[in-house]
Amino acid sequence: MEQILANGVYLGSQYAMIALGLTLIFALMNVLNFAHGQMYVIGGFVTYTFYGQWGVPFVLALVMSCVTLAILGALIERYLFAPVIKGSAREESTMLLAAGIAFFLDAVILLVFGEKQRGVPKIVDGVFNYDFRLIMPYDRILICVLAILSIVAFIGLMQYTKTGRALRALAQDRTAAQLMGVNVDRYSMIGFALGAMLAGLVGGLLVTITGVNLGMGGPTSIKAFMMVMIGGAGVISGAIWGGIILGFMEAIGLAVLYQYGDITYLLIFVSLMIFLAIRPQGLMGKPWG
Amino acid sequence: MSPLLQVKNVTKKYGGLTANNDISFDVAENEILSVIGPNGAGKSTLFKMISSFTPTTSGEVLYRGERISNLKPHIVARKGVVRTFQETTIFKSMTVRESVVVAQHLRAKASLAGYFWGSRTAQEDVTAFEKYADELLEFLGMTAISNEQASNLPQGSLRALGIAIGLATDPKVLLLDEPFAGMNHDETMNMVNLVRSVRDERGVTVMLVEHDMPAVMNISDRIVVLNFGEKIAEGTPSEIQNNEKVIEAYLGSVDDEIGM
Amino acid sequence: MFGFTAKQLTGVGIFLFVLFIGVPLIIGATGRWDFYFTLTSVALLAIASAGVWLTFYIGRINIGQGAFALIGAYVSAILVVKAGWSFWISLPAAGIFAAIVAILIGLPILRLRGVYFAMITLVLTQVVTLTALALPITNGAKGISNIPLPSGVSLFGIPILPDFAGMENTKLAFYYTACILMVITYAALYRLVNSRLGHLCRSMQQNEELASSIGVNIAYIRIVIFAISSFFGGIGGAMFGSIAQSVYPSSFQVADSVNFMLNCFLGGLGFVFGPMLGTLVLYFGWDLLFEFGKYQMLIYSTILILIIRFLPNGLLSLRFGKGGDK
């Protein structure tokens, strides 16, 4: 029981960070970022290269992951999403663009990092063992703590800084924010960069535990979509709840239904469908038409 | 004779907020009845409940003695009670004529499969729809714009298009949502005449929700006044004009809405 | 006939001629027999894309067609291999099974709109893949291989469909079969879109509230359309499985679902034949880029991004100009 709880917290904190980035981008620009999983993978590979290959301290490697993804996100927003949003008759075009970018990033990952699964040396050794009821390697605990700290920092940023306030205003009502004097173009870019950075940060954190490979992008995006749907798209508290709930469902499912393999996800999906039938806007989302 | 439409003790609550509290009134056949009230009086909520676009919390709406509240909008429409929308709710990329043809689908005699295979009944239907659309557009004075795409129309024509779409379903009761909003005096007078001729020549009972007091006074047989979700008065235009509660309610709200 | 103009009939005539006579002649002359497989795939993927396009027509972004193609492929394979059915009976059965699944899933999820519907259909693809891995009847990751080729069908002793296994050139036979299915699909789609059901779909696409106010049972039509859409997906998938003679959980994945959507977007959502064109361009383009080896994906996605960046309203918007929403 304690083990499942601990696994749930651990998974949930990682998931919540992925969902936060996706939901932030969605709230700001109404863009469903298909490439989110690929950004996560790139984050993982950057940390792998700096920390695993070149022996740069882990924290510095993490920073590099964040910086790389923030720049990438900013460029993608500035030169691809922003002009397409302006020039297209249907908002669905952004979805097409996002899918194209996901393919593109997959191709880049393949060319630069190859197909192989990559891992890095453990950041700390040892296993926390409480009476064999709760077993958790120290590196997982550390990663989990770092993830929670990052989430807290992100919420702090959104609540208390000028940038955060501008982003929230933008998410709530684009036109109103513009009238209030928020530089919409600039903050869209910052928001997108921030969302991408979160994906990269989780990638960098998790590479120490699960390693990283090319094929992780798509499934990660899909999990992020599920979390966002559970919590309600475009709502920060929703993303966190969605991450925690999916993390726990997975932890419980994998523990209880271990011998049935991937049936856990089928059950999660069926419950998600039933849940959405009752509450289409998700847990925290606002009701819509 | 029992009234055509009965609103009986209808209440709507959103969480702790009461949008409509215990509202009752009747609409007689061939009548034009207006529901008025200051902003936030609960007019549009009431309107949505009558057309089943939102369920009631308690109470019911009857049409010819049959309950039509808490159903689905399309079922209410099939029974003959059809609402219109304000001008933004249209079929944007259809022409005026196409919109009116589509809106007649309740009159179809052939099945959907019949249309797919192009059966004789389906072809007759199509011809009949187009003929009726032209007739209806002529009646509404819209022949000249019948091939315009809806998204290109000016505001006044959009309002008329909304009514044309509603009328095309062959309703017994037409519910109009603020048909005069944002119109100048001449446009309003045209619309008043149009609504009146819909009633006089097509035998359609009209219930409308509106802000514009002079137009309402002009057009209505009877008026129901709401304030803060409660019905505060009901009567003929002259009765309403002299009702103290009504004057109070309107003086207490935005000045420009009095207009009397 | 059906109110076609002479010009339209000529166009259809030329298209059919090229499809059934021209292409085989060209392939015979150039000796590029591999194009048969490419074009057969295009035809089958175009059938599945037609379904996706139809859900777009009621204003839903469907990224779940891979799920229904996979379901169709498995149903047909299981019926042929395990129950000994003739492929030709398993084909409609696969379509109908996919449609029934679509109805069951559609009841809750079709209430969702916009990106919400898009997200959940995408998740659906992943879930069907995982289910195929987990269920005993689908054989897990090993999949179902060695599916026999379609057998012959005869009615009262007269052969109607030939036995594929006894043929010298199954490539040509599959090409013709796929093309015939595609032509039937698009003819049906064209009729549907231009009949009353199509008009009701259009009214829903543009405004669901207004559509329901004129008496359109929007929930019912959504289900019907989603079922038809998934039927197409099931048929396309089943036929694909038969050609490959195998089905694996990875036969149709999330990327395939996304590709079906891309085919529709790229061809243009306003045109019935858009998805066919989109499928041809994307699949052929992908195939032609094969020569670039490991840079294939990079070039492909770059072109894709550039097209969206500079032609956000689809390829056919080039010819028809702005506002071609019919």
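By written order: A, B and C. Residues from 1 in each chain.
Here is the rule we go by: a contact is a pair of C-beta atoms (placed from the backbone, for glycine too) under 8 Å apart; a residue touches a chain by one contact, two chains touch by 3 or more.
None of these values were measured; they are calculated from a predicted model.
Comparing per-chain C-alpha centres with the mean over every protein C-alpha atom, the closest match is chain C. Summed over C-beta pairs in contact, the chain pair with the top total is A-C. A separation of 43 Å divides the Cα centre of chain B from that of chain C.
Our note on geometry: chain A versus chain B, Cα centroid distance of 48 Å, whole angstroms. Averaged C-alpha coordinates put the centre of chain A at 32 Å from the centre of chain C. Among the residues of chain C, those touching two or more other chains are numbered 209. Within the complex formed with chain B, the residues of chain C that make contact are 2, 191-192, 195-197, 199-200, 202-203, 206-207, 209-210, 212-219, 323, 325. In the complex of the two chains, the chain C residues touching chain A come out as 61, 105, 107-109, 111-113, 115-116, 118-120, 122-124, 126-127, 130-131, 133-134, 209, 253-255, 258, 261-262, 265-266, 269, 294-295, 297-298, 300-302, 304-305, 308-309, 312-313, 322.
By the touch criterion given at the top, residues 26, 30, 32, 34, 80, 83-84, 87-90, 92-93, 95-97, 99-104, 106-108, 110-111, 218-219, 222, 225-226, 228-229, 233, 260-263, 265-266, 269, 272-274, 276-277, 280, 288-289 of chain A touch chain C in their complex. Across the interface of their complex, chain C is touched by residues 51, 53, 72-74, 77-78, 82-85, 89-94, 98, 101-103, 105-106, 108, 110, 112, 115-118, 122, 125, 149, 165-166, 168-169 of chain B.
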